[in-house]
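Chain naming follows the written order as A, B and C, and within any one chain the residues start at number 1.
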Amino acid sequence: MKFNSTRVRRTIGAIGIVAAAALVVSGCSVTGASTASGEKGSGTGTINALFMKQAGYSEANIDEMITKFEAANPKIKVKPTFVAYEALHDKIVTSAPAGTYDVVHMDVIWPAEFASKGLITNVTKDFPASWKTKMLGGALSSAEYKGQYYGVPWGPSTKLFFFNKTMLAKVGATADDVKTWAGVLTVAKKLKAAGVVKYPLSWSWNQAEALICDYAVMLGSFGGSFTDSSGKLDVNNAAGVEALTWMKKTIDDGLTDPASLTFLEDDTDKSMASGKTAMELNWESTLRDQNDPKISKVVGQIAVSAPPAGPTGLNPGVNGSMALAIPSKSKHQAAAWKFIEFITSEAEQDKYAVSSMTNWKNSYTKTDITKTNPQVFAAAGVAYDSMISRPAVANYNSVSQILQVEIQNALLGKKTPQQAMDDAVKAANAAS
Amino acid sequence: MKRATRNSILIHIAAWVVAIVILAPFGWMVVASITPQRVLITTPLQWIPDSWDFSRYVTIFSGGSDGVGTTFRAAMGNSIVVAVGTVLISMVVGILGAYAFARLRFRFRRAVLILFLATYMLPQIALLIPLYLILNSLELLDTTTGLIFVDCALVIPFVLWILSNYFMTIPDELEEAARIDGTTRMGALFYVVLPAARPGIFAAIMFAFLLAWDEFMYALIFTSSDAAKTLPVAISEFAGRYTTDFGLVAAGGILAALPPIIVAIIFQRYVVSGMAAGAVKG
Amino acid sequence: MTVASAKQTTGSSPTPVKRRKRFDRQGRMAFWLLLPAGVAVFGVIIYPMFRTLLVSLFQVNSALATVTPFVGLGNYEHVLASPDFWASMGRTLYFTLVSTALELVLGLAVAGLLNAKLKARWLFRTIVVIPWALPTIVNAAMWKGIFNAQYGSLNALLSQLGIIKDYQVWLGDPTLALNMVIIADVWKTVPLVAFFLLAGLTSIPTELYEAAQLDRASWPRIFRSVVLPMLVPSISIVLVLRTVEAFKVFDIIYAMTRGGPINGTETVAYYAYQTAFSDQNFGVGSALSYIIVVVILALSAVYLRLLRRSDMSLL
């Protein structure tokens, strides 16, 4: 054994020297990625586009848009690839050195990371000044970092408040009673007492980004924000702790389904669709599921509104917009830009307003567009007015991880809300 | 005599218990895959539904809208190509190498074998990014060829190990006799050793197939489209997207599990003899 | 045993000179026979291995980093000083020890049953092989469905049997969730272990049992003094294989819990993946993967040493 392991070690050592030498000779960077940058390209050829498959535009929608784009630009072919949201970030990262994709779908929380690390192209000079006023502010932030643009917004998004009208009616409550979180609690208690539903509320409180989105809504309604003026996380202030305390109390009072801690948005969505939940926060597009008789037992019973207001009277939605960006190693950046221009255009976004909201302010005034999805347009119009953003920091992922863990610590009663938030702030500010 | 009967009864009862523990979760997945969604989400759960619903299988086999069916069928094809390709290459390469380990005396023999086996201890994450770049420069990203390439590196050490152990149990005399008759070493390998090593080879095939079919991390990072995505990746996306349509996930899971289960059932009896003779002693 | 016989044949060459020549010829042949396997395996892993080792010595904060300061062992120090790392290491050790121990004990029992004189033994073997063949991702999805807090069959079963009153959130508590993942993993892996051990069992000569039975030895004694010693090689291999595999566990975590809740199921391989790809901290992530390699090597060495009682031909 001993004899052999020395052998092995010696062999490995020898190969190591050879490898190191080869590295010096070839003059590569440490990661092995070539240092050559991407190219504009001729504006023709095949471009690879990476999309998220989930809420928002469906695969069928996107295929249709591509067909139209290819008809208008015969010299460009678009090859779409769809991955789950959970796999999207890592896919963009792993594919970055190879320049596999020419267009990537990006979440509002990533521009800081991708831009500061040089993964995506700065498109500020191609970005028309008029777009900055014609697009919704919340949507714009999904493509912006430090005043520069790294992509084009493609659908703003926020969490809205969904409630089951029929269930609420059983305890004599209406939409007016759930305009504030205090009202929501009162109605929830009545629903529980009347036995209409065992747990009136459910949330997406799995250890995932979904939890931060829900927390952001509560934080905003308690008048807080994630960071102080210097950009440091400070959720251990009064509002941050109160929001968390409020969340924890709904579990203790038996109003929130304890299964929420294993839920993503899809699970809360289906929990409501199966009639086990009376009220939830979720993305706009989920109304589609609630009214789909194939998966829903509550067709026609669900109403949607802007998030209820907190004690401060504020009711911001969480900014969940997405954008399309061009990876910096792409060799077809000109063609990619043409494609992005096309599918983010007002005309295209208007056509698919049932799937995803549009980022053009103008669309919200066109009655023929808003009537395709009236409930969501009404609620979203209000919610987009004020949105709370998650911190735009380059190490957002680790900050978010820390928050997820500490919030769950409080929700499961392992720490007091104050303690949890103190620890989160300490860990996050040490990491940055 | 009495004691023997009692023992036999106890053994049979134990076997029943084991069989139930194994079959219950799997059986529930089968039932769930043909239970209507509205029954699956009722509490208390109705174990045997009032009606059967085969629509999920229909969706998977013929559905095209929004990609569930298309993606699944493509992934099934990719998985078969990758698994079969990996098994073929690994077996050919493995048989040659195993013969060398079992029959030839050469310097560093043990060290080389240990080096092969030690590769098993490397976690795949340690290789991901550089491998991604290699595959990219060879234009093998998002191709089944690329996956076969990296999967072989995982499977070959196993094949080498199982086969070289088995080859060693085949008496040398058989081969010597053939070689006295003028057969070359390669001839002896093909006409004498291989036929005698059938159980070991079948065991190796089964191992290789299950390993290749089950591989997840490489496929997750190196593939992204229907051109090369394998079933484990497709199922994980599936499960992420239809979290509470357990029936659909179950139907997909069962179909994804069918090929390896069939292979395992066919080859299972050789595995015991294939490993009993050599591998496990090694 | 087998090696001994092979050695005898090669050793039977008449003169030392001729023997050496034959050795060289065999060496050359071995080289050519092993070349394809060597290329296929090491061609794929050598370069990435050293690239990753190299990266672990630098600060690499982006997949496209151009500025990568050399930090020596700084990344390793960073990892070893991080409480998150030690927590994930602890969880991984717990996962490894508990799942491997359960798999070994249950696997031994199932192997015994597989070897017993059963009616319809072929059917029993066919059933036992199913979990082994089930892909890990499917297994994870299946158990995730079974453990579901709202519709899961475990909740339904236990509450209909009157064992629990309220539906439990099986994956909602960090410790419980880790144990539930272990159950899923054990269910899938016991058959594999059982078949490995069965192979060892069947190679025990029946005369040994008969002799022991003639001595009127009790079953526990036969097990302890005949079966177990003969099984040591099989057990040691299973232990090493399972320990390595458990220590690298990634896919079942990815598919079942994604490390949650409260990082309760975040194993060290998942932590390394997160660090490298989600946080884009490639230097630290690479250091982490090398630390995993070192721990696996150390554990394997310890096992092999502890269990190295009988002569093993190849390991």
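Keep in mind that, in the parts below, a contact is a pair of C-beta atoms (placed from the backbone, for glycine too) under 8 Å apart; a residue touches a chain by one contact, two chains touch by 3 or more.
The shown structure was predicted, so the numbers you read here are calculated from the model rather than taken from an experiment.
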{"item": "Given chain B and chain C, the chains that contact each of them", "value": "A"}
{"item": "A-C compared against A-B, more contacting pairs", "value": "A-C"}
{"item": "For chain B paired with chain C, centre-to-centre distance based on mean C-alpha positions, whole Å", "value": "15"}
{"item": "Rounded Å distance, chain A centre to chain B centre (Cα mean)", "value": "37"}
{"item": "Shared-contact residues (touching 2 or more other chains) in chain B", "value": "41, 110, 114, 118, 128-130, 220, 236, 244"}
{"item": "Chain A, residues touching no fewer than two other chains", "value": "31-33, 86, 90, 94, 97, 271, 274, 276"}
{"item": "Chain C, residues touching no fewer than two other chains", "value": "47, 51, 55, 63, 148, 150, 167, 277, 282"}
{"item": "Of all residues in chain A, those that touch chain C in their complex", "value": "1, 5, 15-16, 19-20, 23, 29-33, 35, 86, 89-90, 93-94, 96-97, 113, 117-119, 206-208, 257-259, 261-262, 271, 274, 276, 328-329, 395, 397-398, 401, 404-405, 408-409, 412, 414"}
{"item": "Residues on chain B engaged by chain C in the complex (per definition of touch)", "value": "8, 11-12, 14-15, 18-19, 21-23, 25-26, 28-29, 32, 40-41, 43-45, 47, 89-90, 92-94, 96-97, 99-107, 109-110, 112-114, 116-131, 134, 149-150, 152-153, 156-157, 160-161, 164-165, 168-169, 172, 176, 185, 210, 213-214, 216-217, 220, 231-232, 235-236, 238-239, 244, 246, 249-250, 253-254, 256-257, 260-261, 263-265, 268-269, 271-282"}
{"item": "Of all residues in chain C, those that touch chain A in their complex", "value": "46-47, 50-51, 53-55, 58, 60-66, 68, 148-150, 167, 169, 171-174, 257-263, 274, 277-280, 282, 301, 304-305, 308"}
{"item": "Sites on chain B touched by chain A in the complex", "value": "37-38, 41, 65-67, 108, 110-111, 114-115, 118, 128-130, 132-133, 136-137, 141-142, 220-221, 224-225, 236-237, 240-245"}
{"item": "For the chain C and chain B complex, residues of the former touching the latter", "value": "1-3, 5-6, 9-10, 23, 26-27, 29-31, 33-34, 36-38, 40-45, 47-49, 51-52, 55, 63, 109-110, 113, 116-119, 122, 124-138, 140-146, 148, 150-151, 153, 156, 159-160, 167, 187, 191, 195-196, 198-200, 202-203, 233-234, 237, 244, 248, 250-251, 254-255, 269, 272-273, 276-277, 282, 285-286, 289-290, 292-293, 296-297, 300, 312-315"}
